[in-house]
Amino acid sequence: MVQGPMEPSLRSQANTTEATIEVNVNVANFSTFERKKRTRTEKRIVELKATLEKTFEQSVMCNLYPRTVIQVDIHVLAQDGGLLAGMTNAMTLALIDAGIAMYDYVSSVSAGLHDQTPLLDLNSLEENDMSAITIGVVGKSEKLALLMLEDKMPLDQLESVLAIAIAGSHRIQDLMDTELRRQGNIRASKMTQS
Amino acid sequence: MISANERLFLIESLKNGIRQDSRKLDQLRETHIYISPEEYGYVEVSWGHTKVSVRVSAAIDKPFEDRPFEGIFSINCDISSMASQKFDNYKVGNDEVLIGRIIEKAIRRSNAVDLENLCIVAGSKVWKIQVDANFLNYDGGLIDVGSFAVMLALQHFKKPDISIEDDVVIVHDVDQRQPVPLSILHVPVCLTYSFFTPYTREQILKGDTEEIWAMDATMKEEEVRDGMLVITMNKNRELIQLSKNGGVPIDASLLVELGMKGMQEVDRLTDMMRDVLKKDEKERYERGNLKLLEVGAAR
Amino acid sequence: MSQRIIIPGDSLSIETEGIKTSIGPGIYKNPKSQKVIPSSAGILNVKVNKKNTNQVVYTDSNSKRYIPQANDFVIGIVVGVIGEQYKIQLQEYSTNVLLSMMAFPNATKKNRPNLKNGQAVYARVSQAIPEIDIEIECIDPVTGKDGGFGLLDESGYIFDVNLNFARELLFNPSNIFLETLASRCQFEIAIGINGKIWIKCGDGLKIDKDETKDEKEDDDEDTPRKVDTSNSYLKDLKATLAAARFLTRCQFIRPEELDNELTEAFRAN
Amino acid sequence: MSHQVETGVLSRSDGSAQLTIGSTKVITSVNGPTEPKARQELPNLASLEIVIRPAQGLPTTREKLLEDKLRSLLQTIIIRYKYPRQLIQIVVQFLSSEGKSNVFTNNELSAAINCAFYALIDANIALNYSFAAVSVSLNEGKYLKDPAWKQLSESDSHHVICFSIQDGKAEKLLLLESQGDFSEEEVFDTIAKSVAECEKVHQDQRKFIGEKIDRDFIWKA
Amino acid sequence: MNVSDVISITRPTPATIDSDVDMSDDESTQVKLSIVTPGEMVTDDPVWMKGHGTYFLEDKTYSSVAGNISRVNRLLSVIPLKGRYQPETGDHIIGRITEVGNKRWKVDIGCKQDAILMLGSVNLPGGVLRRKSESDELQMRNFLKEGDLLNAEVQTIFNNGIASLHTRSLKYGKLRNGIFLRVPSNLIVKSKNHSYDLPGNVSVILGINGYIWLSKTTNSSHNKNMTVNSNANKINASGDPSYVPGAGSVAITRLEEESSWEIYSDKNDPNITNSVRSNITRYNNVIKALAYGDLGITEQRIIMGYEASMAFSNVGSMIDKDAMESICQDVINNEKMRG
């Protein structure tokens, strides 16, 4: 799916009161079945980039890092559905790993509707076939930081799809949390061995 | 940059349900529509001070190789500094891309126009429908007004009639044969909700706060807002697009509520388009009759 | 003084020989030909003093974009700091002007004003040479006191009007607009010739003073302002917005419609 | 064919005007003087940013050419020394234009010039003098003002003529754009005839400006 | 830091759906609790003061980073597991000049903003008591220019978070005769001394910011002949062991008139023997191996690693993953044996 961003690097300059989050999205040509040239300026990619920047401006404690730039590079190596969701989760983890202060996790997942049945985390075949919604949830709340639906979906079904998507996001967050703790413990144990 | 005074006043009054222009929170601005009496597919729409002109044009072109049975449909909505100096004439800003993308997703991606209907000769000749949206004045709500105007123009547009004789496509002049309207599969309507919050982020994320929301924000409101959500729907109670690019997180139940509420506006706006078009049709017909009468009288 | 409309290309048809002529807005003296010509369309004003030795020529016209002139009273918004000076925005997209931190009453190197981005000040243009940066000051150069200049606090609302209307409000003491408004409510007003007006009816937006003090100590901008939510507060808030709406509308109506407009503006809430 | 003008149509611009001549409809906005970008800034005079946008499709070389013509005209008219280190931004947006091909830009050019005049006046930008333009076609020596597209395509030659106006009289020839098949004599003849036409346009301008000023000072008893 | 030092304060179990399944790792629960992640409530007891790495709403304190809880008196903070170096006064660090400015240099020290080195905070040629003149301002680039490496101490932290450095001690100043590398700053353990002489005629400076300088151990006397390297090969941050700067190039000897100019010289000692060069690179790779294994870097460990690395005759082969792992393992085993 998505290979985590290269370590976010902070650079001096820019905004005097807050950090600026700069996201670079690079979709590899070989990430989909058909090899297609994608440029950084493609509208879809600019949109994803802007979406990620705006989402994380809210959950990163930017006010702690005045005059700095948090640069995040995302390389999409392979995609099989849930592109935005994957990028969001990867970026959350990478920011935490870099020790950047955040209010909470942003966990994201895509969900679709097949007939009347809501489905979670679609692959690209499923994505092509049915309408998919991607949501980003902050922490363990039901608050949506991010929302993207590009195909038709009956309004009355929205609630049920949202419900499963939010549950899915929470589950993703747990997974991220567990992994972080595992990594942290390994590191802590090494540090304390002296 | 907006002054702290204005920011504080706007948020405080929104919190109390008061808006600068004495609208209600869920009230859209007054809509003015101008439809070109001579041409097909040219409209000017303004909501409050925001003004957009849209022109639809058609030409015959070769289809894309991977889609031989489909016509070509493109929407061009560059924003010049005429709308506001916020928009650069030479560089496409992030906001601009977002506005263009959302309108495109609402209309093109949702197949509002039946592309197969635009096919003339499979693989070699199709109609190419080009929509040019020009944003003339910016006072918030470019997405809503833009998509509204584009849909209105598309419904108004008529392409010249054609006939095929021995593989040669003959385009009949509008005066000779009745032109044909586009086949519109559904009418998407974009509604933008702006969110405001006087609270700190700690309170938003961990506390029990409620978001203040307002529809169809003006420029000043857009400047102080902390997040926005675009809901695109059509009359069939279908969601076409949801787009919330970050900003202040909103409660899932609020989203559902806004969607339900928005349906009323969608119905109202769709009906408004229908009524305006009917009126135009009628006037055109009467004018046409008058002309005929005049011709008759001259004889 | 007759109402004469003049447009670029017209001759001024005034005598400039033997009489000291001062040219005002809308009149331009071509440096090459030394000819005095009107450069904008407007109402021509020629004022000659009694002895016929001095005359002032200018045109009265409307515009939206403000060009700073020395001694103008303006309202600006702090948008940044460079060294010892604030960058002040007089209008959106206009070149920012500078406000020295020393240009406040009783300011010293140690005792500087502490303005934050977004705050508004009432100031006087002290230097307006278009080729170099324009400077403003919050001090009366004669008395060294504040002279009414300084920070415009956040209890008042700020809105924009056309420049000719701002001039009328500021320079014509007998204008009827403020009087009409006064018949409806009490208000405090500051008019910037750059088309910005600061107004507050009653107490405007009340901010708990203690809270603001705390905030300064914490230096935490995110601290929410506790706002008095009593009825009178809401009334003042509504009145302020209504007053702003009324004055904005005044620009587009005939004087006889004023009263009607006033009720309209206040009724809307 | 008469001109229909409206100024101050756009609230966000410092000056704006919408002009309809025949089937050509154009809207122009003027912003300025404002802060230029670093690369645009000129130390002792104002820089002009002129953008022309077509009624249909994306701007092409045709619009660039028009931009260039308009710029060379306006930079002598606007008193640029009055606004050093500032930017004046002019956007001309065609809403409808009859030309279906790239061949003729006469009506567009003349409409853009006239519309720019109103917008500049609305924005209160300092001008050396007033100016007015006409679009003319000659068909077998027949002089036709504001020709429609059909007449234009049938004509032998077509011209755009812009005069400066001083005291209501056409003074200097500011711009002459001639294309087609014509003799020297015809050109001079056309110019001479256009003097009156430009003055006629100017009378409209004057009348209109008077109305505009009345409107601007409507609140003055 | 010891696990048992880390207190776990009333931490309500998060209202998760079914996360317990994943939590059942083989590690003990106690260790698990020592780490908090962003958004997690740390305590709802209002007595705690909120320190770095936390935020709060009303009485509840939440973590904003993934890390360990630390409690100093009433101050509660979360120390991130990883993160940018946070300068503190007195830190011995290594930095690189990025900009020569008005009476100051800007120095990249790996924290979020470049640090500042004031002209007044350096020793200039001509003695400590020399007055700074305008000519010094003009020839700042002769002392230190962009790309130069130096070691310094953090003098103060300005209230905007920017660190100010000084080099007013003989042990600080420009770096020569060696090689630079960087490791994550959290691997460097703060101690009294940060420069060590290692076996094999090599010295190391472990900057607290994670920047490390390995060089030939120099004699204390500075009155040696200085040389000009005609190729002016400057040692840069290349970690490539095959890169041996200035080897075999023609050197012209020149006597420096003023001895203290020497401390700002760009010229490397020409008498670095090949064995020293190879030792330096060996240390370089040892430290990299330690960093790879996420081991804290101390003098002792470097020496142990150095000894362990003797198993690899070819210095270049040490960059293999296997080799790095084996070095780490050796170091850990060695430590265990010593207890």
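Lettered A, B, C, D and E in written order, each chain numbered from 1.
The rule is simple: a contact is a pair of C-beta atoms (placed from the backbone, for glycine too) under 8 Å apart; a residue touches a chain by one contact, two chains touch by 3 or more.
Remember, it's a predicted structure, so these values are computed and weren't measured experimentally.
S.K.: I need the common contact partners of chain B and chain E, sorted by label.
M.R.: For chain B paired with chain E, the chains in contact with each are A, in label order.
S.K.: Which chains end up together, and which apart, when chain A is taken out?
M.R.: one piece
S.K.: By mean C-alpha position, what chain is farthest away from chain E?
M.R.: Ranked by distance of C-alpha centres from chain E, the top chain is D.
S.K.: State, to the nearest whole Å, the distance from the C-alpha centre of chain B to the C-alpha centre of chain D.
M.R.: Computed value for the inter-centroid distance: 31 Å.
S.K.: Centroid of chain C to centroid of chain E, CA atoms only: how many Å?
M.R.: So the centroids are 56 Å from each other.
S.K.: Taking the mean of the C-alpha atoms as each chain's centre, how many Å separate chain B from chain C?
M.R.: About 38 Å separates the centre of chain B from that of chain C.
S.K.: Do you know which chain E residues sit against two or more other chains?
M.R.: Within chain E, residues 39, 55, 62 contact more than one other chain.
S.K.: Mind pulling the residue numbers of chain D that touch at least two other chains?
M.R.: 31, 34
S.K.: Hey, what residues on chain A touch two or more of the other chains?
M.R.: Each of 103-104, 138-139 in chain A touches at least two other chains.
S.K.: Given the complex with chain E, which residues does chain A contribute to the contact?
M.R.: On the chain A side, the touching residues are 10, 12, 61, 65-68, 96-105, 138-140, 167, 170-171, 174-175, 177-178, 180-194.
S.K.: Residue numbers of chain B touching chain C in their complex, please.
M.R.: 1-9, 12-13, 16, 18, 20-22, 85, 198-203
S.K.: Which residues, counting only chain C, touch chain B once they are in their complex?
M.R.: Counting only chain C, the residues touching chain B are 77, 79, 89, 92-93, 116-120, 152, 154, 156-159, 198, 205, 222-225, 227, 234, 237-238, 240-241, 245, 268-269.
S.K.: State the interface residues of chain E toward chain A in the complex, per the touch definition above.
M.R.: Touch list, chain E to chain A: 1-3, 14-19, 22-23, 25, 27, 31-32, 34-35, 37-39, 53, 55, 62, 64-68, 80-84, 112-114, 160-161, 186, 189, 293-296, 298, 301, 332, 335.
S.K.: Can you tell me which positions in chain A touch chain B when the two form their complex?
M.R.: Where chain A meets chain B, its residues are 43-44, 46-47, 50-59, 103-104, 133, 137-139, 141-156, 158-159, 162-163, 166.
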